[in-house]
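You will see subunit A twice below: alongside subunit B first, and alongside subunit C after that.
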Partner chain A sequence: MGFQTRAGGSALMAGSFRLDCAALSTREINQTLRQLLAEGVRDIVLTNPAGRHNLGVALRGEGRITLEGDAGYYAAAMLEGPSVRILGNCGWGTAENMMRGEVVVEGSAGNATGATIRGGTLVVKGHASSRTGISQKGGLILVGGNSGYMTGFMMQKGVMVICGDVGEALGDSMYEGTIYVGGRIAELGNDAVLRDLQESDLELLDAQLARYGIPGRFDWKKVVSGRRLWNFSKKEMGVWIHAL
Partner chain B sequence: MCGIAGLLYKSPTRYASLGQQMLTMLDVLGSRGVDGTGVALYGPPRPEAAIFRIWLGGRDAPADQAERALARVRGLARVLEASVSHDYLRLVVEQAGDLDPLVQAIRGDERGIEVFSVGRSMEIVKQEGPASVLRERYCLSTFAGSHGIGHTRLATESRVDVEHCHPYWARPFPDIAVVHNGQLTNYYKQRRIFEMKGWRFQTQGDSELIALYLAHRMRAGASLEEAMHASIRELDGTFNYIVSTVQGIGFARDAFATKPLVFVETDEYVAIATEERALVAAFGPTVAAFEPPAREVRVWPLPRLVAGR
Partner chain C sequence: MDPRAVEDGHGQGVARRAVPRHSAIWSPEVIEDIQVKAELGHYRIRGFSTLRKRLPGFDDLTFIPSSLSRMPLEGYREKCVTETRLGTRFAKNPIVLSTPIAITGMSYGALSRNAKVALGTAATRLGISTTTGDGGMLPAEREASRQLVYQVLPSRYGFDPQHLRSANAVEICVGQGAKPGTGGVLLGEKVSAEIAAIRDLPPGVDQRSPVRHPDWIGPDDLIIKVEELREATDWQVPIYCKIGTTRVPYDVKLAAKAGVDVIVLDGMEAASGASPDILFDHTAIPLMAGLVEAVEALEDIGLLGEVQLIAAGGIRSGVDVAKALALGADACYIGTAALIALNCNKPLYLEDYHALGVEPGACQQCHTGRCPVGITTQDPELMQRLEVEAAAERVVNFVNAMTMELQIIARACGKADVHDLEPEDLRALTLEAALITGIPLAGTDFNLKQIFRGLARGDGR
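Moving on, here comes the complex of A and B:
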C-alpha cells in the first residue's frame, strides 16, 4: 500500500503520525495502523474516533497509539505488543483477548472489558461494567473505579484490581487468579473466597497504582478460588450443593 | 439487535431540536437493524384535545381510507386539525371523556387502518425501513417538543411489518409508549395470564407486553418507577426498555445486563441510547456517557417549571 495509506494523515515530527478517523472506514483505519507499525512509526494519534466499533483490533509490534475521544466495542481487541491509550470512554469488549501490550482507558468502559485476556496490562481509570475480565487467562486488569455484576467470572489466571466497589457474583466459578477489591463487595460468587493479604500483595498493589497514577488509600480485600468446584465426585454431592 | 433511544430536554430553549436529534441518533443505530424505525415524540400538550396518529394501511389501502375515517370521526366529535402525509392520517380531535369510541370509529370495519397513538402530547410515527424514511416522508426533523423515544428494529420475535415496529403505544392508555431491545422469554405465559384479566393485545410482538404491563400497573395505582421495578421481577428475558409518558422518560435493565445501554445527564438534557456512537453523533464527542448496572431503573420527570404541566 505504501504512500497511498498516508492520505488523510500527516507527520508531526519524526516517527509520529496523526490519522483522522472521520475520513476513513474502520477497515482503512486498522489497515493503516498495521502498515504504520510495520514501517516503524512509533507514535500514532487517531482523531475523531466518535465511538466507532472495532478500532485498533489485532495490532502487533511496538508503538504507542492514542485515541483522542471515545471508542465503541472491541477497542484494541486482540492486541499483541503495542501500547494503546484511549482519552475517553469505551464500549463492550475493550482489549478483549489481548495477548501482550498495554491499554489505558481514561474514562469508563462497558460490559466484558478485558474479556479473556492472556497477558499485558489493561487499565480503566473510570468505572468498568458487568463481566469485567470474564475468563481472564493472564495479565493484569486495573480499574480505578467500580466494576459490575459477574466481574471475574471463570477467572483462570492473572491479577485483577478493582479500586472501587464491585457488584454481585464476584469471581463466580474462578479457577485460579487473584482479585483485589478496594471498596465494597456486593456478593462473592460461587466458590470465591476471601483470604488475608500478604506483604507481597500490598507491594504489588502500591506499585501498580503508583505506576498508573491512581490515588487514594484502600481497604483491600483479596479474593481467590475456594477450589471446591475443581473436581466432582458424586460422593461429595453435599459439598457441591453447599458451594452452589 | 435493535437500537433504542430516549431524549428529554430540561429547558424549552432546546425543544426545536427534538425531532432532528432523535433522528440523528436513529440514523446511527440503524446499523443494528433497519427492519423498521419509529419514534414517539411529545409536542406541546393539548389541554382539551387528543392527537391521533393513524396508519392508513400502507400500499394496499384504498385511496379514500383517510376521508372515510375522517367522516366517521366527525360524526362523534369536533376535528380541530386533519392532515395526511404518506401513510399516516394525523388528527387533533376535541376530547370529552372516553377515547375508545373515537378509536373504534376511526378503525371502523376497515382492514389495515390502525390507530398507532393517542395522547394529549404523544405522537408515534413508525415505518418499515431506516430513519431516513421518517425524515423524508414525515418532516420529523422539524418536530419540536420536550421529550421522546425512538427505535430501530431487527426483527427477532415477530413479523417484519409496520404493526410490529416500535414504539408500542400502551393502548388504550393515552400518552404512554415503550421501545425495547431484547426478547421476553415468558411473553406467552404472561400474555395468557393478562388476557384472562381482561387485557387486550393488538399484536403478536413481545414488546407490546412491556407497554401494557406498565400502563396497567400505573392504572392500578403504582408510580411509573414502582411499575418498572416490578417489571424487572416479573418479566423474564433480555431487555433494556425506555418508557415515555407525558411526564417524562425512564429506562430499565434486566437482571443480567445482557443488552448494551448508555446514558448521559447534563444540566440541559438527558439522553439514552443503545450505543455511545449515537450520543456522540447527536451531542458531540465530549458526552460523558456511561453504562448503568444490571436491574437499574431510572426515571426523569420534566422539570416542573415548564408551563402547562
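Moving on, here comes the complex of A and C:
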C-alpha cells in the first residue's frame, strides 16, 4: 500500500503519498484523497495547492493530510475524522461544518473561519477575518492572532479562543458557548456578557495553547450569552430592537 | 336600511345606523391589529400563508382545449406521460418523479415526526420526492422517503455530511416566498428537548434562524459553494437553489450561472409555520408573475430547458400544476396542500381549535405548537392524533387526484406529455394576467406584454 503510482502522485514510503495538485482538477484531487484514505494511506502531502477552492472537502476516516501552500474557500470543509495541516493561508469558510478531526492553519484565514462547526478542533495560528465561528455548534476554534468583527455571531455551542484582539459585535446574539479573548475586545455584541474566569477556564486555555505551541501571556476575558434574547420579551426591547 | 333618528341623552336627534359602517382604512382588522400590538410590544407572528383577498394568479388563466383546429387525446386509451426528471444538467443521478409534483421543504420542528414520516411515506408510494427543512434530516424521514431532497440553509441546524451524502438531491435555500429576505422562526413552545438537541440549541428558546448563509454571501461565492456541495456528493445528485419570487430575473440568471441544476421559485402565496405576519402579505410577487420572469430570464441566457424550474407556493390542484407547466415550469412543489390532505384545518377536535380562539378552515396557529390535528406540533399527545398510515394514504389519494386533473387538461389540449403544455394552450381572463404573462386576453389575439414592452422601449415593436 502506498507504492502504487497515480496521475500526479508518487508514493513516499509505505502508507504515505505525495500528490501534486498542479496538473489535476479539483475533482481529481478530492477523489484521489478519498481513495487514499479509504485504502489506509495515513500520510498524504498535497503540493502546489495554489489557493485552490474546495480542497479536501468532506473527507472521512483517519489520516494526516498536509497542504504545502495556500488554500482557497472551504478547505477541509465538513471534515469527519482526519487531521489536516495547511502550511499557508486560507480563504473563506475553512473547515466549515467540521464534525470531527483537526485542522491547523499555519498562516491566516479569511471570513467565516470555522463556520457552523459541530465538533473537532480548528487552529489558525495567524489571524482570522470577520465572522469567525459564526453559528458554531460545537468543537473548538483557536486563533493565535486577531479576529474580525462579528466573531462568534449567533454562536450556539462549543469553545472559541482568540489570543489577540477582536473586532466589534463579539458574540452577537449568541445562544450558548464560551469565547475567550486574550487581547482587546472592540465591542461586545448584543446580549454578549463578560464573566469571571474560573481555574478550570485557565487550565483549558493553558492546555490548548501548549498543545498547539502558541506562546505568550494573555489577559483572558470570558464572554458568554446574557440569555436575554432566548425568549421574546417586550421588557427587553432595548436588546430586541437591535436583534430584529 | 335607512338611518333612524334616535334621541340621545341631550335631547338632540342624531343619526344612528342599524347596520354598522366600517372604515376601509380603519377596518375592524386594522383596529384589532393595532390593539393587539399595543399589548404585545412586538410584531405579530403566525403560521399559514398570505390572507390577501385577491392576487393575480393561476385563477386568472383558462385553458383553450382542442376542437376542430387541434385534436384532443382520448382519456381512456391514449397515453399522457407525467414522468419528470430533475437535475439532468450536471448530476449523474437525476431525481425521477412519477408526476411533476413533489413535497416542498418543511422542517422537523415546524412539523411533527408523524407529519414528516407520513409525507415521506406518501412520497415514496407516489414515486415523488420530499424535502427536509430548517431542522436537519430526521432519520425516520430518510427511512420513509425513497427520494429525499436535503436542504442547505443559512442556519445549518443539524447539518451533517453523512445526511448530505445520503440525500437524493441538495437544495440550497436562499429564500422562501412566504418571508423572503428573512430567517426562520420557531417559537419556544416547539423547541422540545429533542428538537433543541438536533439543532444544538437550548430547549425552549424562541429560535430565530439567520437569513444569510454563514460561509458565502454573493453570487460569486455561490459558484464556489455549489462546487463544494458537488465535491461532497461526488457530482452524483442534483443541486437545486430555492429563491423567493422577488428579484427574479437577476436571481435566476445568477443561480443558473452558479451552476445549479434546478431553480425552485417560491411565490408569495407560499406558507410558513411561523413568520412575522406582515411578511406574508407584503413581500414577494405572485408565483405566476415570478414564473414568467424566470422563464424569460433563462431564455435570455439560453438556458431554458437546461436549468429546470420548480414552481412552488399556493399550488392547490392539478389545474394549478397544468398552468405552471404551460407557463414553463418543469414541476411543482406542494406544501400547504399536502398538509391539508394530512388533516390541516379539518373540523376534528373542535374544542382545541376553540381553545386557540379559531375555527377549522381559518386556523393559522402553526406557530403555537398547539395544532389540533397533530401536524405542526411537538406535543406527543397532539402528535398521536395524526395516524401515519391513514394520513399518508390521504396524501397519496390527493396527489393522484392532482395528477389525473393534470392529465385531463393535457389530453384535452392534445398533449401526450404534460410537459408539452404551453402558453398557446392558455387565455387570460383579466387584463393584469394578460399583461403579466403575455398570454392574450380571452377574445383577443395579441400579446399585451410585447406591445407594452415595445411602447416602453419606444420602438413600437
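Everything below uses one rule, namely that the second predicted complex is superposed on the first by the 227 of 244 C-alpha atoms of A that agree within 3 Å, B and C clash if a C-alpha of one lies under 4 Å from a C-alpha of the other, contacts with A are read in each partner's own complex, and residues count from 1 in each chain.
Simple rule for what comes next: a residue touches a chain if its C-beta (ideal position, glycine included) is under 8 Å from a C-beta of that chain, and two chains touch if they have at least 3 such contacts.
Remember, it's a predicted structure, so these values are computed and weren't measured experimentally.
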item: Touching partner for A:W92 - first (subunit B), second (subunit C), both, neither; value: both
item: First (subunit B), second (subunit C), both or neither touched by A:R27; value: second
item: Larger contact residue set on subunit A - subunit B or subunit C; value: C
item: First (subunit B), second (subunit C), both or neither touched by A:A50; value: first
item: Which superposed partner A:L194 touches (first subunit B, second subunit C, both, neither); value: neither
item: Partner chain(s) touched by A:S108 [first = subunit B, second = subunit C, both, neither]; value: first
item: Touching partner for A:W230 - first (subunit B), second (subunit C), both, neither; value: second
item: Subunit A positions touched by subunit B in one structure and by subunit C in the second; value: 53, 72, 92, 111, 131
item: Parts of subunit B lying in touch with subunit A, wherever the complex brings them together; value: 256-257, 260, 262, 275-277, 279-281, 285, 287-291, 293-294
item: List of subunit C residues in touch with subunit A within their complex; value: 40-43, 155-156, 159-162, 164-165, 187-188, 199-202, 204-206, 208, 210, 214-216, 221, 224-225, 227-228, 231-232, 234-235
item: Subunit B-touching residues of subunit A, taken from the complex the two chains share; value: 48, 50-53, 69-70, 72, 88-89, 91-92, 107-108, 110-111, 126-127, 129-131, 148-150, 167
item: Subunit C contact footprint on subunit A (complex, rising order); value: 26-27, 30-31, 53-54, 57-58, 60, 72-74, 77-78, 80, 92-93, 96-97, 99, 111-112, 115-116, 118, 131, 134-135, 137-138, 154, 156-157, 175-176, 230-232, 234, 237, 240, 243-244
